[in-house]
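Both of the next two complexes hold subunit A, though its partner changes from subunit B to subunit C.
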Partner chain A sequence: MADKKVGKKDIAGLLEQWSQQFAVFAPSKESGVAAMAEWDGKDISFLDWYRNTVVPPKAIFLPPMEELFRFQKGKEGYNIEPPPKDKHKRLIFGVRPCDARAMAILDMTFEQALEDPYYLSRRKSAILVGLGCTNPCESCFCTSMGTSPTDQTNVDLMLIDIGDDFLIEEVTAKGKELIAKTSGLKGATKEDEAKAKQAKETAYNKVTRKLDTEGIKDRLLASFDDEEFWEKTAAKCISCGICTLLCPTCYCFDINDEMVKQEGTRFRSWDSCGFPNYTKMPMENPRQEKWRRVRQKVCHKYEFYPMTFNVIACTGCGRCIRLCPVNWDITQVIESVPARTEAKK
Partner chain B sequence: MEQKLRQEAKALLEQNKVDWIIGFEPGSLKFTATPLITRDKNDTERLIINPFIVNNLADFLTGIKGRVGIVAKGCDSRSIISLIQDNKIVREDVVILAVPCPGLIDLVKIERLAGKDRDELDDISRDGDKVTVTVDGQKKEFAINQTLFDHCLACELPTPQEYDILLGEPGPPAPELEVSGQNIAKLKEALPAERWEFWQNEFSRCIRCYACRNACPACFCQRCFVEETEPQWVMPVPRWQDNLIFQIIRNIHVAGRCTDCGECERVCPVNIPLRSLAREMYGIVDELFSFKSGMDKEALPLMAHYEQEEAEDLFK
Partner chain C sequence: MTVADTNQEFFAQGNVYLPHIAVIEKIVEETPGVRTYHFNFKDEKLRKEFTFQSGQFAQYSVLGTGEATFCISSSPTRRDHLEFAAQRVGKVTNALNRLGVGAEIGFRGPYGNSFPIDSLKDKNLVFVGGGIGLAPLRSLIWNVLDYRDKYKKIDIVYGARTPADLCFKYDLEAWDKDKTVNMVTTVDRGDDGWKGKVGVVPKILEEVAPSAGESVAIVCGPPIMIRFTFPALEKLGFKPEQMLTTLEKRMKCGIGKCGRCNIGNLYVCRDGPVFSYAQIKDFVSSEY
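Right after this comes the complex of A and B.
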């Protein structure tokens, strides 16, 4: 079946139509920062941005904070009150390929490693509509990390900019089904498809930041005890949570109870291995020194995740480089990890 | 200026006058610089000075062991003095390499003026009172007071007063207090209820990354109240109420130490206008106690000492 296309000026109408069936999310700056937000029924200015959102789409599935349950202390122990069932069916519009890949990476933890009902209930019913990038940023390095500015692999539908229209690639059965029920779309011509092909190539070539990850797992393994290297690498880091909390593949969370009199709530909220308290225990903190925490962050993404799931937990979205207060650059760090022979000395 | 800096820094390491040099080197993105912290004299070749050396390097001093040669703009120097006032560092352990600072360029303002992302800009250059931005080969000119950080427009000390080596000629302070205080003035005009709503919205998006605290040289506590569990002053959960309380207590804790360096606001990834709070507190401290942090290394730290009379006043 031939691909469909949709006019750029018809996007608002399309989202309107999908709003009947889904809670539609799209990139927005309404809150004061670029993030995925429930679509307000009119704003499509994000079509003109080319920078990715500051807050990654993961925030919809693993929110910065959520209530896990409430509890009351009764005579016979605690009464647990689960949260209301999540009935929303979400459609996330305008997901960039790097973030879509990050969702697939998060699924490995929240579905394969263990089943997290909170994450999965939101994730399973959601549809991801990807938006191909036309102007990758200086910090983007997706093409080195297994994806590309127009990669359709991890979304249900993919939109490719072909001038006045977007070509719609139907990727999954879910995506196909949605398109079949959507009205007002036009059929794409051979010419449109050629344009899309051209657009993909152009965008691909605009990603100038490259990272060679060949053998990185082994290099990190060999450099694990290279304290001098890690101290140097960590020197300028100020141990904030930006690069982890806002990384689309980071998933660490903290659990806290809040209790007032006999009633309480259990919260889950984002946490970061960059914080000294993350590993604090009553007697000991195995990552008291900053360099150990920086090492953890790098190794988790580039060594441990590959060991467990055979994939690097970094998609090259560039957020950590762009948002870091000290411009600590993961690509420079990965490149500077000593090769096996050097590390052995 | 850069050549002199490199020579001096190298000499300091060579002559074993310092163990570390803290300065700036080119960043990995356009229009950025990044802190360089090194003991290697060869690294000093990479030191730079330009309108993008935004970090307050004094922040690194409390975390480093040994004597340090540090590149300091006016604001950095005030933070260094403030740390000396608080006895966090010893004057003899720092060699201040003073940079007379003409103000730093705020890329957020440039983006707004040029209507383009920083990635799309070819060049930003400054000549005296004009800043020229080149986009697609086209040049656009802006007045300097439109392009500098707010805290730079309020700068009272562009050239460090306290230094060991002065790099270049001191320039005059160019305060544009009115421009720099626009956001705060607007907030002060608003009704309390509106202000409350404003901050509620702002702090709703705080993700508790603590970059504001960690980038702040005045936030030097080894155990921050926010991490205390007994008692638990605020929940570690990013609810707007807890976020706001966190920031208010932080502001109270740095009162008399804050030098209005603007780092808290610059580093916040979700654009919360934190300097409005910090600057207001700075003004209140000055009004109540005629005290400005980081101006005089002999001055006693405002919040860490008291006068006899104050005590009598308090306990009568």
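Right after this comes the complex of A and C.
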């Protein structure tokens, strides 16, 4: 079946239609910083300013803070009350391929061994509508990390900018089903498809930052005890945690209780391996020194995650480079990891 | 190691993050600062059906204060109640310390893998423990002693800083009396009444010099003791595959998601807490 297309001016109508069935999320600056937010029913100005969000879409599935349960202490002891079942079906419009790949990487952690019911209930019922990048940032290096500005692999539907329209690629069964039920779409012509192909090539070539990850797992393993290298690598880091909190593949969280009188809440909130308290135990802290924490961050993404899941936990979205207040640059770090033969043991 | 027992049926309401309510039945003051809590589930069905393996741990909560991680320190062969031991050092352990018999706590678990009990059969077992690190070992020791004829020689080398810091003194006495067990107790600093050995655990272990042939050493104690015990065992001829330990790290979720308890690519909660030295030796020197 031939692809469909939708006019840029018809996007509001399309989102309106999908809003009947889904809680629609789209890029927004409403909160002061670009993030995926529940669509307000009219504003599609993001089509003009959107390159990528500052807050990655993971925040919809793993919110910065969420309640795990409530509890009350009564005469008969404690009563535990889980949050109501999630009834929302979410449609995330405008997901970039780097962030879609990051969601697939996050799924591995939340699905493995014991399942995480909070993350997975939201994730499994959601539809990701990808929007191909036409204007990647200087800090982006997705083409080195197994994806590209228009990669459709991890979304349900992929939209490619072809001028006045978006070409719609139907990727998954879920995506096909949604398109079958969507009205007002036009059929794409051969010419549209040629334009999409051209757009993809142009976007691909705009990603100029490259990272060679060949053999990185082994290089990191060999350099694990190279304290001098890690000291140097960590020197300018201020342990603000932003590169992890806003990383689309980072998932670390903390769990805490709050109780007022006889009623309380247990909640989880984003945490970061960059923070000294992260691994602190009452008697000791294995990562008190900053270089150990920076080593953890780098090795987790480029060595440990590949060892466990066979994939590097970085998609080249470039956020950690763009957002770092001291210009720490993961691509420079990875390139400077000593080759195996030079590594100090 | 044995694969983690997932025991899906033990989750409260099918949700791995919801704790079961348990009731403290007895409190034993082990040392100034260390207590053993005997507890049972409030839910009768769970009380009957709950099972675990030596080495597994759980997340215990004082609701309103938070959760902390402790191994189940009682033996799965003795199931009229469960036990855990806690040293009063942090927020949750201090809150626990304020609880008395009859108080309710939250329990999530059992989590993690366990000691590979089947592969210990017909082996000489060398238990090396320090301080409160005896807690997971005693679960296994009692488990093994309840099926004594399945195992060969048993050595236990246990130490603490001072005689007052020795935990589970009633166990130490029982094992000392047991003719099938070679029990060696040591302290770093003795006092007037102390008649046992004086010296740090790795040094005393070298004196005891258990044979490495057909043997497995099971080690648990403070990180400093663990770091020096592995080389001592290597000197005695033990191979990294013959040394087991159970590690402790700060944990929040207990199920391999919250991120903080890793040693290299291994999560202590998901891939452990029981590891062979062979598994962790690349990272243990600088991460533990």
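Definition applied: the second predicted complex is superposed on the first by the 338 of 345 C-alpha atoms of A that agree within 3 Å, B and C clash if a C-alpha of one lies under 4 Å from a C-alpha of the other, contacts with A are read in each partner's own complex, and residues count from 1 in each chain.
The rule is short, and it goes like this: contacts are C-beta pairs under 8 Å (C-beta built on N, C-alpha and C of every residue); 3 or more make two chains touch, one makes a residue touch a chain.
None of the values given here were measured: they were computed from a predicted structure.
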Fit or clash - subunit C, subunit B, common subunit A: fit
Cα-centre angle that subunit B and subunit C span when viewed from subunit A, reported as a multiple of 10 degrees: 90
Touching partner for A:Phe69 - first (subunit B), second (subunit C), both, neither: second
First, second, both or neither for A:Asp225, with subunit B first and subunit C second: second
First (subunit B), second (subunit C), both or neither touched by A:Cys240: first
First, second, both or neither for A:Asn256, with subunit B first and subunit C second: both
First (subunit B), second (subunit C), both or neither touched by A:Arg322: first
Which superposed partner A:Ser139 touches (first subunit B, second subunit C, both, neither): first
Contacts of A:Tyr118 with subunit B and subunit C, given as first, second, both or neither: second
Subunit C versus subunit B - closest C-alpha approach in the superposed model, Å: 7
Where subunit A meets both subunit C and subunit B, residue numbers: 254, 256, 258
Subunit A - residues contacting subunit C, complex: 68-69, 71, 73, 77-78, 80, 82, 109-110, 112-118, 221, 224-225, 251-259, 264, 266, 268, 271, 273, 278-284, 286-287, 292, 296, 299-300, 303-305, 307-308
Subunit A partner contacts - residues on subunit C that touch it in the complex: 4, 6, 8, 12-19, 21, 42, 61, 63-67, 89-90, 93, 104, 106, 222-223, 248-250, 252-253, 255-260, 262, 264-265, 270, 282-283, 285-288
Complex interface listing, subunit B residues touching subunit A: 27-30, 32-38, 55, 59-60, 63, 117, 119-120, 201-202, 204-205, 207-211, 214-215, 227, 235-239, 263, 266-267, 269-272
Touch list for subunit A against partner subunit B, complex: 31-33, 35, 50-51, 54-55, 64-65, 135, 137-139, 235-236, 238-242, 245-246, 254, 256, 258, 267, 269-270, 272, 275, 277, 290, 321-323, 325-329, 331-332
